[in-house]
Every structure is written in C-alpha cells, then in structure tokens.
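In the two complexes that follow, chain A is the common piece, with chain B as its partner first and chain C second.
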Partner chain A sequence: MSLFLHLYVITPPTLSGIITSMFSTSSQLKYWTFNGETELAELRKEANQRFIQEHESSISIEKQAKYFLTPGEEKLLIRHFEFILREFCVRFLPPMPKYVLGTALTYFKRFYVHNSVMDYHPRDIMLTSVYLASKVEEFNVNISQFVGNLKGDRDKFASIILGFELLLMDKLHYHLTVHNPFRPLEGFFIDLKTKFKGVEDVEKLRKGAEEFLDKSLATDACLLFSPSQLALAAVLSSGTKESMNLESYVTGVLLKGANEDEMRKTVYQIKRIRYIVKNQEPLQRDQIGHIQKKLEQCRNQENNPESEIYKRKLDEMFEEEEELQSKKRARMEEAQKKEEQLLLGK
Partner chain B sequence: MEEQGCPRCKTTKYRNPSLKLMVNICGHSLCESCVDLMFIKGSGTCPECGTALRRSHFRLQLFEDPYIEKEVDIRKMILKDFNKKEEDFTNLNDYNDYLEMIESIIYNLTNNIDVETTKRQIESYKKDNKDLIKKNKSKLSKDEEYLEMLIQQEKHESEVQRQLLQEDEARQKNIKLKNKEALIDELMFSEMAAADIMASHRELTKVTDTSSTLPKKAATEFSTGIKLGAQDTFIPLSKMDAGELYRYEPTQVFMCGPKCLSEEELVFQGYLNHVRRASDIDLGGGYKSVMACQRALQDSFCGLYYFPNTAS
Partner chain C sequence: MSRLCHDSGENAYEEVAVIGNGAYGTVWKARDLKNDGQFVAMKKIRIQNTEEGMPMSAIREIALLRQLEGHEHPNIVRLLDVRTHSQANSEISLILVFEYIDQDLSTYLERCPNPGLGPDKIRDIMLQLLKGVDFLHSNRIVHRDLKPQNILVTSQGRLKLADFGLARVYGFQMALTQVVVTLWYRAPEVILQAQYATPVDMWSCGCIFAELYTRRPLFCGQSDIDQLIKIFEMLGRPPEVDWPENVSLPWSSFKAYPSQPITKYIPELDPMAKDLLENLLKFNPHQRISAKNALNHQYLRDEIDDIQTSSPSSVSESNSSDGRSDTPVSK
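Take a look at the complex of A and B:
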C-alpha cells in the first residue's frame, strides 16, 4: 500500500485517482506475456540449444545427449526449484506477504524463459529472485537478515546473491514491476459484495480462491494470462467448489458492457486457466537427484560461484577495475604536474 | 610579463606609479625625468642607439611596446608623402601593389632593414610624384568629403533645432505673461467670484501648456551617416516559429477491460461499505479508503480483455 500512496501523491488529484501503473500499459503485458505454452516451450528450447551450441566443441556429438540436459529435464528442474522457492518464502521470517512470493516466482520464471539452467544454476537465481522481489515490493529485509533464513555457509550465500543480483536485473531487462493477481482478487471480492446479491457470504470464497492462486503459481499461468483473468478464474473456481452460481455475476454484472466477442474470449481464457491449473503434472522428485548430478557435470563453470574459473574471473574483474583506477590516477597526476610546470616554469 | 620601466634609471611603474615614459623617433623609451635631465640643452643622443634626437620630438608613449610606438611614428611620416588615393589608379591591382609597397617600406624602416636603400626609394618616389603629392595634400578624398558634408549637415540641423527651441521658449514666455495680465485684469474688473476666475484660468493655461510643446524631431542618423536603428532593416529578424499552441487533452485510460467507476460513483454506490475504513492516522496522511478500493477494482478490471494472438 505504501507504493500506492506514493504514486497517489505524485499524480495530480485532478486525474481522480487513476493510477498509471496498470497492467494494460505495463512491460509485463508488452514483453513478458506470451501467446501460449508452445511459444514458451520453443523459447526455452532455443535457450537450451544456444547453450549446447556454445559448449559443444569440447565434446563429441554422440555424447551430447547424455552429457547435456534436455529441455524436458530443464523444465523438471525449474519446477523443482519453484517448489523450493515457495517453501522458502512461506517459511521466511519475518513472514512475507504473498505478493513478494508472486513477484519472486515471476522473476524466476521469466529468467529461465531466455536462459538455460545449465548456464545459471537455479539455486542461485532462486535466492536472488526472492531477494530482489523483497526489495522491489518494499518488504524490507537486509542481506544478513535474509541469509539468516538459510542453513549453511551464510556468508557464501550472501556473496552469491549480491553477485547475481545485477545479472538477474539485466536479464529481466529491468522490467521489475510485476502485476500479481492478489490485488485483483480483492477487487473482485469488493465488487461481488457491492454489486452481486446472489451470494450471501462472499468471504466463503476467499479460501478456495487463494488456494487456486497458490496452485497457479506452480504453472506458467503468470507468463500467459493477465493478473485479473487469473483472479477471476480463482473466484469462479472457488465458486464451483462452494457450489455457488457466479455465472450471472460474470455475464450480468462484470461483463455487462462487453460485446459478444469479448465475452466469449474472456470466458475461454478463464477456462484455459482453470484447465492449466487443474491439470498440472506432478513433480517427479525421483528424477531430480539424477538431473542435478548431470547438471554438475555440464553446467557453465564460469557462472558457478564455487568454481575456480568463477573466482578467477571475479578476481580479474577486480584487478581490471583497480588497474583502470590506478591508470586514471596516474594520468590525473601527470596532468596536474604539467599544469604546475606551466604555472611555475615560465 | 616584464615590468614596464625606464631603461636608463631603471625606475619601474611599480616603484613609481606616476612614471611617464616618453618615446622619440628611434623607438626607444625614456622616463620623463631622464628626458629632462639628458636633453637639458634641447638635443642629444639616444642612450640606446646613439641616434641624434631633439627634445621637442619626445612624446608620451601610448603603447606598452615602444616598437609599436616607433612603427606608428614612421607610418605617420611615410603616409604624409605617400598620399595617393584609390582614384589615382587605373585598376585595383595597381592600387594594391602601391599599398604593399608602403607596408614594406614601413616594415623596413621600423626593423632597420636596408635603411639606406629604402630611404633612397622614398626620395625617388618623392621626386617622381612631387606634383601629385602636393595636389593630394590639399585635396580630401571622397570619403572624407562625404563625412565632412554629413557633419556639416548635422551641425546645421542642430542649429535649426536650437533656434526653433529658442523661439518656442520666447513664445511661451509671452503667452504666460499675457495670461497673467489677463488674469489680473479679470480679477480687477470682472464681477465673478475670485475662486471661479482662478479655476477657469488654470484650465486655460493647462491647454496652452500642452499645445505649445514643439514636436521634437528625433535624430535619425549618426554623424557617420548610419541610420539610427538601421540594423532592423539590414538584418531582418528571423520569425520565431513557436509551433502549435499546447492543447490539453485528458489522459486516456486504456483499460483493456470493463470500465472502472470514478471515486464519486464508488462512494455513491456503496462500495466503501466493503473496504477497511481509513483510520484517523490514515486520513492525516492523506489516505482515503476510496483510493484503495478504486485501485483494487481497477486492477481486477484492467486486462480482463487480454487475449493472445493465437486464442480464437
């Protein structure tokens, strides 16, 4: 809410509270909402192929399939880490608002649309996503507090997160505003309570709807649909569960002003969401161990914070920077000396 | 920068702020007191170069660099004889050659290059052009004539103006005097009240006052002949293209979904019964519950009509 207040203060009151940061004009719609699951699958396959092509030279073609991860294996691994991410967020202390989780998952998903798991380990990106999301969503946690939620070498985790933070933002093209379906859900509850008399207790719907949204987070729905459609699907799905008839609300109240085409397409979109969320494939935990072992072999060591190459690269970067600094300093000193000579010499 | 000073007594401008440097035809400077001391007899030699100098030829050094002083001196002297004008030549090239010759002579003399030959050259020139020099000395060039004329004209005009002013002043004085007399006459013989007479009289004088001022003709040109404010006609100001005037257009909200209600409508239709009431602290901070309500509704409507390209 603080973000909202802030925005409201800077927008002149004559706009009567119309907020300019809406989904319809967002980078989310423009760059990060895809046409369908096939498009997503293709983009992921491309990322996978790109990585293999770049590292192919070191290995014979027959061994490739055994050595590298397939797009399917990548998908499994990503879903596994999405699950871990959710668990991490739910157990996070201090308790984390839902929208931070939503934003973090969205970052994580967006990142692996254009990047391969073999290039960047999902564990690193997962932590960084949560850390970045907590910043963007104004959930104030500092890095030591953040890594306090982790077991193991906390300093190492802190350096990994901070090391990948800029990279993550870069790969997201700095499109950091994420529109989550949680506020739209509240909007629908308010609208239902005010406009629709067909339901006695709207709050009954809340539990089911939130469960639906939680489930939807495990799918690619946030890369395919608008947050308001997701929220509406959640409300409707909860309505069916509670055996409340909300059809007259959708057709008679919410979409009263819509034309036939819009009505039909919206209903179709809602159906698709409900289908996707309902028919998720279960996580295949038994395969994860095998895939992770494979990943340790074929992953890009340049982006592995524990590898020697990574450390060397980091060192080189620092050295380069230092060298540049010292060169700059020397140049400045030289210039100053010349100036002094000019002043004194003649 | 070296301090300016007298080469003989080594006094500098810093030590003696009222130091006056003098310079003679040889281009070497001396301070005033040294000149007084050395040229007590009226003539002597330059302590630097030994040239024979006359005291009367000393003048105040205008330029910091005595070399320039010398050059100006020589130029003056040369141009006295080399006074041909552009009209005296048949074409421009000849005139330019002539000018160049003058410059080279001046340069040679100031830098002491081939002084003898140069001097001989001057002498021969003088001999060859004796008549022309004499004639040109008395004749003013066309430019000078024109300037002279302009100055004359201006003088004449200012004279006329002055006369007009004087006349006007005299006339006004007369009128005032007459008015005064008339007033006194009236006061003496009229049967009207004195205050009324004074009032009407004042009005009369006011009218005459304003009418008597002479319409002043503003000067339209400088003495050089350049018209006052003439630059307006020479350089037409480029018209400023300010572009189209700004027209306010209300922001269009692209909802991609059902229309959202305004704040007033939300309040009117009872939406606020279903949102958290704003506390006193919230209200103090400028928060109203209708804001949150509108935002939530906006978010739930916005994007409802989003359809990917492939969806049928």
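Take a look at the complex of A and C:
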C-alpha cells in the first residue's frame, strides 16, 4: 500500500511540508487507506456475514437469503444514504463548508467498512456522522439548529444523534482527523501558478477540478487514495476537459527528479482514480424501498432507538453500572481499611 | 442524554493501583489483559455531557491526541488506546490508555548519585526534552505545565513528555511524584496572567535545564509574587518596556534587583550552555528562544553533529521539523 503512495513525489513542493508530514504519519493512511476495491468488498462481506451468523439461529437456512440483506443490497443502501448525506450537507443552513461534508462522508464510509447496516441503521449513522464532523471541523451549530435542518420529529432525531455519538467515535477508533482533498487542490493551483508556465489561466481549471472532487465523493476513492492523489487527478481531469496540456507540469515540475518507477506508479494511481470516478454505477432508487422494508425486519433491534428492547437494555445498563460502582467502592474501602490496619499495626 | 455503548468498557484492563488524582478523574496503574497483562497508565477523565453531546473542545482534543500519536514521536508518551464509557446520564468517562513508565525526571534526579549527571548526560536530556517540546509546538500545542514530574524517563534513559493536551485541559496529571501544583516552572507571563503562547514552555525548559546541574529547583516561590521576586533576584528586574500590558501587578511594585551572573549559581556551566540557558530564561517571551532554534543552538548542535556522524538514522529525526508553522499559537 505505502509503495503506491509516494506522497513526497506527488505533493506540490509549496505545500509538501504541511501535507506530507501530516498525511504520511496519519491514522488515515495507517488504518483507513485500503489496497483496493477487492479488499473493501471483502471487509464489507465479512461484516455482513458476521451479522448473519450472530442472528441466524432464529431463522431457517432457506429463509436466510430472503430475510437478511445481501452484501450487494447493503452497498446499494449505503450509497443511497451517502447521496442523502451529501444533499443534506449541501442544503444545510447556515451554509456548511465543503470539508465538513468531506469529513462526514468519510466517517460514514469508514463506519460501514466494518459494520453492517443491519446492525446500525444508515440513517442514524449518517446524521451522527454529520454532527460529529461539524464538531471536529469546528463548524459551530448547536443540536437544535442542526435538527432544524431536518423534517419530521426533531426531538427524536436529536436524541438519536446524541445517542450514537459515542458509539460512532468508538467505531472510528477515535481517529477523527480526516485529511480531505480540498486543501491539496488549492496547493496544486498555487503550484501551477508559480512554477508552471504552460498554462495561462490556471483558474479555468478550478470548476472542472471541483466538480471532479464532488463526483469522487460518491465513490470509495477516499478509502483508497491519498488526498493529494485525488486532488492531482482532479486537476488533470479538468485539464483534459479544458484541452490544457498538463503533462509537462507532471513530468517536468511535480515529478521532477523522480525515478521511472515512481513516475509509473503515480500515473497508474491517477488513472485508477479517474476510472473509478468516471465509471460509477448510477444509484438504483427503485430498489431502495424494497431493501428498506427488508431491513426493518432483519435489523438489530437492540440498536434501534425506537424499539422496546433498546430502551430496556438502556435501563439495565444503568442499573448494572450502579451496581458495579458500589461494588468497586466497597472493594476500595476494604483495601484502604487493610492498609490502615497494616500501617497502624493493628 | 442516554447512550448505548458496546465493548468500550474497561474489561480489557485491570486496575492495579491509583497513581494520581485530580478534579476531573483518576490515573490508574493497570494491566492490559490483551497484551500479556503488561502495565499501562490509564487515565479516566470525567467529561460532563451536555445537551449538545460531548463538548466540542473535548472531541477536538481527542482527535488531536490521536493524530499526534500517528507520529510515534520518541519523546512523547505513547497513547495506546482511547475508550469511552457512559457512567450516568450526565457524565461520560473518557479513558486514555498510555504506556506505563515508572520513573519521572524528578525521581531520576533524586536517585542520581553524587556528583550529579555530568555534562554529556545533561546535554542528552536537554536534546530529548527540546525535541519533544518542538514536536508539540509544531503541532500547535502548548504544554503549559512542563516540570520534572511530568517528564517521564524510561529505564533506557529515553525522555517522554506526558500530561499535555486533554490531560492538561482537564487539569490533572499522571505525576508519579505527588506534589502540590507548583509555580516553580511557570513563566513570568503565566504568573502575571498576561497572554501566553509557546514561549511559556521554553521558560520551563530553562528552569529544568538549571535543575539538571544542581538537582534542585531553580526558583522555589511560595506564592505568585514570591515566585516573581525569586526570578528577579537572580535575573534582575526586567526593563519596564518588557512588562506586559494590562496586568494587575505593576512593574513599579518590584524592587530594582540587579541581575546576578548565572554561573554564580551553577559554576560548572560551560559558555555554550550558559548562552542557551540565558536565552531560555529571557523575561520577554518574544526574546525567548524557540524550541526549534534551541535545537539549532551550538550547545546542542555539537551533540547533533556527533550523532549524525555516528548514526545516520538520527539524521532524519533531528530534521523532521519541516513544514510546520513557525509561530504556533496558544490553544
């Protein structure tokens, strides 16, 4: 994985210090950048299987396929909710910066690499992802402002979001800093303006590049590539659209001094990104209704804030907690007493 | 607000003993049951849950600690794990699991036999201390409470900074040596409650530097004013232009102490060390040397050059300070 990244090569020198040093040691690279779509598909399938194994006992084998969601159905539903998440952020008031959306979407995608939608409903995780991203990115909105952007029972949504906040952080292993491609994109613009003479109006590239990054959000690209690779692919894609030749920028400025192998790998990665972004499958909305109906049947009711079992579990948890605490207190008092006795020589 | 939280409990760790206490929580020595029962330091911090969920400041601090950990800086204590635990409806307990190191610089100095550390060891300690501080500053973190009690020393002599970030925000520490909150390492601008930034840590480094020679604290004030008097008795009262604005203690309330040569207090100080120490103990924070510049100071430069010629692997370490902001701001 790290072989392919070669960040020091593909980051524009003006920003190399900042981006390289921050990303190359980041948890994003270490824990949340995967080898390829195959690995992602494998992990998601495992999450799906794990859920089914844990809950199959009550269902006969024949009925299982009909009862539980397949990995394919999970994927469709996740993509559907990613779409809703993006729409929600774009329409959010007050206007939400792009990087909040980027961070929220990254949380959402990371969460469902290791968890099944049958365990945690994507609507709950989607809302919580955006709320948590707002906090981490210092986009100041309070919870009532936040749910004010939603239609329906706002108190219920607020309680869902606050109920899943800790769980989401935990499942993300508290790796909450996300490196988005928006900043490296600005870096490339600066680099092109200052170091490359081949393009007259660099700003012409902006629209196409930003559109490319927007499109990339609908794919798994942020789980597979570094932010600067994504930004470079965006710039190059925009260059093609505007019939600007940026090849000499890549070979002569950006990768100057790189060996052939590094050059080849970078070009290959950029090609992969452009392919993935260009060839994404359309959302299949007609199937979503059916999948959601199925989900209502097979989802884990213990994680459904509206279910009786959830409420009961919550009560039990707090009772247990109290019990545990009082036991612990007793134990400590006992130990202290013993110590005192020893000290006093009784 | 109620929340369900799975497998984020404390079952993976077994508490052995309390090693620290504070207003916001407790530090435990514990066993990591997943890793052959090796010892860890487990800080439990109580965070008041709000109507907004976990406070933004706490979440951002957790994100920052996690992000810092990615660097695995050799002079920063390892953060091994983060967990949360809902305790009651209004409280979250955040559990930070650190590597356990059973010696701090304070005990290290106490255990050091006469005649003391010797110049080479002192230089090695200063180099490690400044590298750790430089790393924090380049990540825009002001430690604010550097002192021998929260500088840990491994059995191999590796220095590691602890108790910064969230631990500091929530005001308690993993101090192995139990001491009352001490003023002794506080920069004058902190005592005067003026604006402060990264230079406050450099002042503390200066106090610690002197202590490495003498094995006793440099300025042992009994109160805020006494602390300032102790400082001025040695360094002289600063010129009025250097006095911070809008502080409650006026410059004129202090006597015009003349400055004393620092070598009177530490006779064995060589000229390079003396120059660095004087630059660390500048009253005016703008004139105080930065961690980055201190690492480039001739006193340490020789050391770095020595290491660089003998082991190439350390080169990247000492040069790893690229690309950070030169003007870190106080958090």
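Descriptive notes on the structure:
Criterion: the second predicted complex is superposed on the first by the 296 of 346 C-alpha atoms of A that agree within 3 Å, B and C clash if a C-alpha of one lies under 4 Å from a C-alpha of the other, contacts with A are read in each partner's own complex, and residues count from 1 in each chain.
In this text, contacts are C-beta pairs under 8 Å (C-beta built on N, C-alpha and C of every residue); 3 or more make two chains touch, one makes a residue touch a chain.
What you see is a predicted model; the values in this text were computed from it and never measured.
When the two complexes are superposed, the chain touching more residues of chain A, out of chain B and chain C, is B.
By the touch criterion defined above, A:Thr266 reaches chain B but does not reach chain C.
In the overlay built on the shared chain, the residue A:Leu132 is in contact with chain C alone; chain B does not reach it.
After overlaying the two complexes on the shared chain, residue contacts for A:Leu93 are found with neither chain B nor chain C.
In the superposition on chain A, A:Phe34 contacts chain B only, with no contact to chain C.
Looking at the shared chain after the overlay, A:Ala258 reaches chain B, while chain C stays out of its contact range.
Note: residues 16-18, 20, 25 of chain A belong to the chain B contact set and to the chain C contact set alike, using the contact criterion stated above.
The residues of chain B lying in touch with chain A in their complex are 251, 253-259, 262-263, 269-271, 273-275, 285-287, 290-312.
Of all the residues in chain A, the ones that touch chain C in their complex are 16-18, 20-21, 25-27, 30, 131-132, 135-136, 138, 140, 142-143, 159, 161-167, 169-170, 173-177, 302-303, 310, 313-314, 317-318, 321, 325.
For chain C in complex with chain A, the residues that touch the partner chain are 1-6, 8, 51-54, 56, 59-60, 62-64, 66-67, 69-72, 82-84, 86-89, 92, 320, 322-324.
Within the complex, the chain A residues that touch chain B are 1, 4-5, 8-9, 15-20, 22-25, 29, 33-36, 179, 183-191, 193-195, 224-229, 231-232, 254-258, 262, 265-266, 268-269, 272.
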